[in-house]
Amino acid sequence: ALVGEGFLCERYCLFFSCSIGMAKSKFEYVRNFETDDTCLKNCYIVVRLDGRNFHKLSELHKFLKPNDDRALGLMTRCARSVMEDMDDIIISYGQSDEYSFIFKRSSNWFKRRASKLMTHVVSQFSSSYVFYWKEYFGDQPLLYPPGFDGRVVLYPSNRNLRDYLSWRQADCHINNLYNTVFWTLVQRGGLTTTQAEDRLKGTLAADKNEIMFSEFDINYNNEPLVHRKGTALIWEKMEETVTKRVKLPNEDEKEVPVTRFRRRVSACHCDIIGDQFWEEHPDILEDDNC
Amino acid sequence: ALVGEGFLCERYCLFFSCSIGMAKSKFEYVRNFETDDTCLKNCYIVVRLDGRNFHKLSELHKFLKPNDDRALGLMTRCARSVMEDMDDIIISYGQSDEYSFIFKRSSNWFKRRASKLMTHVVSQFSSSYVFYWKEYFGDQPLLYPPGFDGRVVLYPSNRNLRDYLSWRQADCHINNLYNTVFWTLVQRGGLTTTQAEDRLKGTLAADKNEIMFSEFDINYNNEPLVHRKGTALIWEKMEETVTKRVKLPNEDEKEVPVTRFRRRVSACHCDIIGDQFWEEHPDILEDDNC
Amino acid sequence: ALVGEGFLCERYCLFFSCSIGMAKSKFEYVRNFETDDTCLKNCYIVVRLDGRNFHKLSELHKFLKPNDDRALGLMTRCARSVMEDMDDIIISYGQSDEYSFIFKRSSNWFKRRASKLMTHVVSQFSSSYVFYWKEYFGDQPLLYPPGFDGRVVLYPSNRNLRDYLSWRQADCHINNLYNTVFWTLVQRGGLTTTQAEDRLKGTLAADKNEIMFSEFDINYNNEPLVHRKGTALIWEKMEETVTKRVKLPNEDEKEVPVTRFRRRVSACHCDIIGDQFWEEHPDILEDDNC
Amino acid sequence: ALVGEGFLCERYCLFFSCSIGMAKSKFEYVRNFETDDTCLKNCYIVVRLDGRNFHKLSELHKFLKPNDDRALGLMTRCARSVMEDMDDIIISYGQSDEYSFIFKRSSNWFKRRASKLMTHVVSQFSSSYVFYWKEYFGDQPLLYPPGFDGRVVLYPSNRNLRDYLSWRQADCHINNLYNTVFWTLVQRGGLTTTQAEDRLKGTLAADKNEIMFSEFDINYNNEPLVHRKGTALIWEKMEETVTKRVKLPNEDEKEVPVTRFRRRVSACHCDIIGDQFWEEHPDILEDDNC
């Protein structure tokens, strides 16, 4: 034999105790410092992520103002990647450099552990951003790996969840209206950014619409829906007919049509504040009193 | 004027109340559902991330067994990217498909909010993984965006923190010893994976060393340190001398040497369980009684 | 003047800095170690308390078996004291040595801080237990101050809350059925406690009823409701007519009846599992979708 | 037989399913809504309680101003009762209507569950307050059951813990100095409370001492320690010699002295901000680096 246990300990291990397994178990008590962050049951789990320092990212990569469709398309491509990876996400909503993912209230993914849920979403989104970049920006290179941060929020009722989504879509509306007027004043009106800012100080929605209409002949209502409403991703059920070759005993082989039900992620740029969207998609939310 | 407020509300808004701002504030109560997840002060904050489903990733991308130096190098490149982005990380330790990042106990990054800290680390790491892939795998394409998950653990004392790092390094040792023998039996000994598993069942560290030495003439102690010890990243202080051209009044312009202190991330594959490493780097840990 | 500041510092203070206020502010950083334990909004907050070591308490104070009405009365007296102190408790339910207090989902008591809510309930209950002891036990002295512990649980929906209360009432039923047969076997059947335990091992509800009926002529269904159902405390609205003496200008003083609405705590020992109770008291629960 | 299962269900149960046990298990899912509130290991656990509405309590029961020694004595009696009930409390500190209890950092009481720890302390304290009232207030009756609320705070280092206790003792000093001058001005100086308040507005410690000394011939430093320093309760080790009768084989029965070590709660009114107290009681704190 090459070596005795004692020899091994000096030559191969740096541990004080003889067996490596014992050394490990001596330290393993540190696992007990982990805390439980299970999300309260029967609540919707929302993971929202935001781009970190996207002001700089958009400058450096010359994103178009007020909206860069390549950047918006990439965000939605990443959200789709997250959603396809996690069955229990029932709807996602994104605008600008943020995206919200809603897990169904009965979800038991990762045992509802908040840290697992949010890091998984943010990780998948971040790696997708780099991975799919060239599909949207072609030869223009991504200059550095971008970052996102995330958080988890719980909503106990359908009303709360809908109000959360309404809050984000109202935010989209307010910001997009402002940005559209602002950049119109700068790009077509020839104002400096400071002048445009001053011009818009204190204006209401009506004033901003008026500026665009009377000075630039723009009807804000005709601006693209993706900019005014953001993007909601939902699951769409599909019926699919596949032809299968079947050979039964005492029969010739033949082709038979087989109907399968699948679901796929589908994007829409519609209003999610009013009731219509929810009435048209009754399967998204679960009953409150469950 | 084009439109009155009332008109606007019907034509341009989908909100029930007239002013968009009001609509937003009606929904904004949902912000109060966010909970505070501030980390206890004066504790080390550890963020550990793990590859998700890296078994499949390593199969598909034909990672070498038992260790693929390209994959290990990429992990460390990503960790370096995280560390350079966050001053308050004092040491990182990685092995296999996991990496731990330790924030100094007095850190106030993101106001010590656990969700922000862990999602930021995991996001930066994930996007870096795709971004730097080709530096390590050259023309071999990455087939899909990989995922990582993360968690936060707090340690109140230097002893606890060192034991945490020791636990991870002991884990590295145990796994690498096993994997090294296992793949030697398969690759050079011609065993099937099942046979190799059976052969190793119940063996101690000494037995494994003995198998490698007597049957394959391998001294495990000569295996590369990066495999046996994993990788620790620390900050190294550097003195740098730069030449500056200076022009003082009534003097000719001249070149003067200027000494600057910088710090950069430095990797080592050394034992971090014993005292020596910590005595050589007394600046990593803060005094317990602070 | 008696003393200068410097003198004062040496003679009167033990603080290192001169001003006492400064000394305090030097230590005050410790406040930042407190963590936020706000309860998620729009959820019912349940505080349940349990007697600590009530087995010993009931032995020492010779509580009657299987139920001591003095002890049960005292528990309910304490719960009433808690409820009268806190408007936002909508219903309480108690049995044996436990009581549950349900705060309305929109409550903002103590800013919904879990620690404040549970300690306040438990404190008020505990001091009441000693305070009201003699009303139920007369001259029999309380031998030592008893303890209770408490916890907070959140329920997002009406269904969840009702299931919680059903769980506690089912627990009451199961325990009381068992205890009633058990003590009947001991007190009237002459079995030892061990013999009674053995006799009941593996029996179902039907078997226990059968034993009581056929051997002791007891119909369990006729046992007192307070034992079989426990006690629910709810708010009862009352109309009260008071006579007021009124003196209007240019009129004689006269007596006028004034109707006031008050509410008071009312006890019932009814089933709270089925729908009837909740249909008869539609004001207890708030609408789910709020 | 009296009844079949079906009959039983209608006659004896109100549950929808036949077996009571099944009914219970149908509801038992509600247990999973409880969250884990384990305190981080290796930290001191502080439970602080405060009297609720003690302004009113002290008015109604005519507590003496600025300090009522009966009330202070009762508070300390209750704290002693808590401490004797829980071995793992290493020191308690109280002043005015508050008391802090410090659990040793390695404590595993109630598995370190915050809710259990705080409710138990507050409950035991509250019932003791009523129970021991007459020992301090004699025939003067307690008019209603008083309430306390509590909280849990964690401290990772000895320095943090000592600073916490210093913070409370500095608070005691500041309040007592103020109250002593204030009530001297009112009781002996004949000022109204408003006049006394105005007189003290903006004064420093030195000014307050000066007022007492020059106008009332009071040296604040001679005021009772219990008022100026509050009360610390610690464990005191005692040696006790008991005589035992012993009978060994082949010997006559004889009496032998047996030395036993016990510990008991001991009160002191000393400075706990400086080092001296901690040097004299080295056993209270555990080593930081454990």
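By letter and in written order, the chains are A, B, C and D; residue numbering begins at 1 in each of them.
The rule we apply is simple: a residue touches a chain if its C-beta (ideal position, glycine included) is under 8 Å from a C-beta of that chain, and two chains touch if they have at least 3 such contacts.
Molecules present, by chain and UniProt name: A, B, C, D = tRNA(His) guanylyltransferase.
Everything numeric in this text was worked out from a predicted model, so none of it was measured.
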Legend entry - Per Cα centroids, the chain farthest from chain B: C
Inset, instruction - Could you see whether A-D or B-D has the larger number of C-beta contact pairs? - result: B-D
Legend entry - Euclidean distance of C-alpha centroids - chain C vs chain D, Å: 23
Legend entry - Euclidean distance of C-alpha centroids - chain A vs chain D, Å: 49
Inset, instruction - Between chain B and chain D, tell me the centre distance in angstrom, where each centre is the average of that chain's C-alpha atoms. - result: 45
Legend entry - Overlap residues in chain B, where contacts from two or more other chains coincide: 33, 35, 40-42, 154-155, 160
Inset, instruction - Assign the assembly's chain-to-chain touch graph to one of these shapes: line, ring, star, complete, other. - result: complete
Inset, instruction - Using the touch definition up top, name the residues of chain C that touch chain B in the complex. - result: 32-33, 35-36, 38, 40-42
Legend entry - Touching residues (chain side chain C, partner chain A) in the complex: 40-43, 154-160, 288-290
Legend entry - Touching residues (chain side chain D, partner chain C) in the complex: 1-5, 8, 11-15, 19-21, 23-24, 27-31, 33-35, 37, 49, 52, 81, 85, 110, 114-116, 118-120, 122-132, 142, 144-155, 160, 163-164, 166-167, 170-171, 173-174, 177, 204-206, 209-210, 213-214, 220-221, 271, 273-274
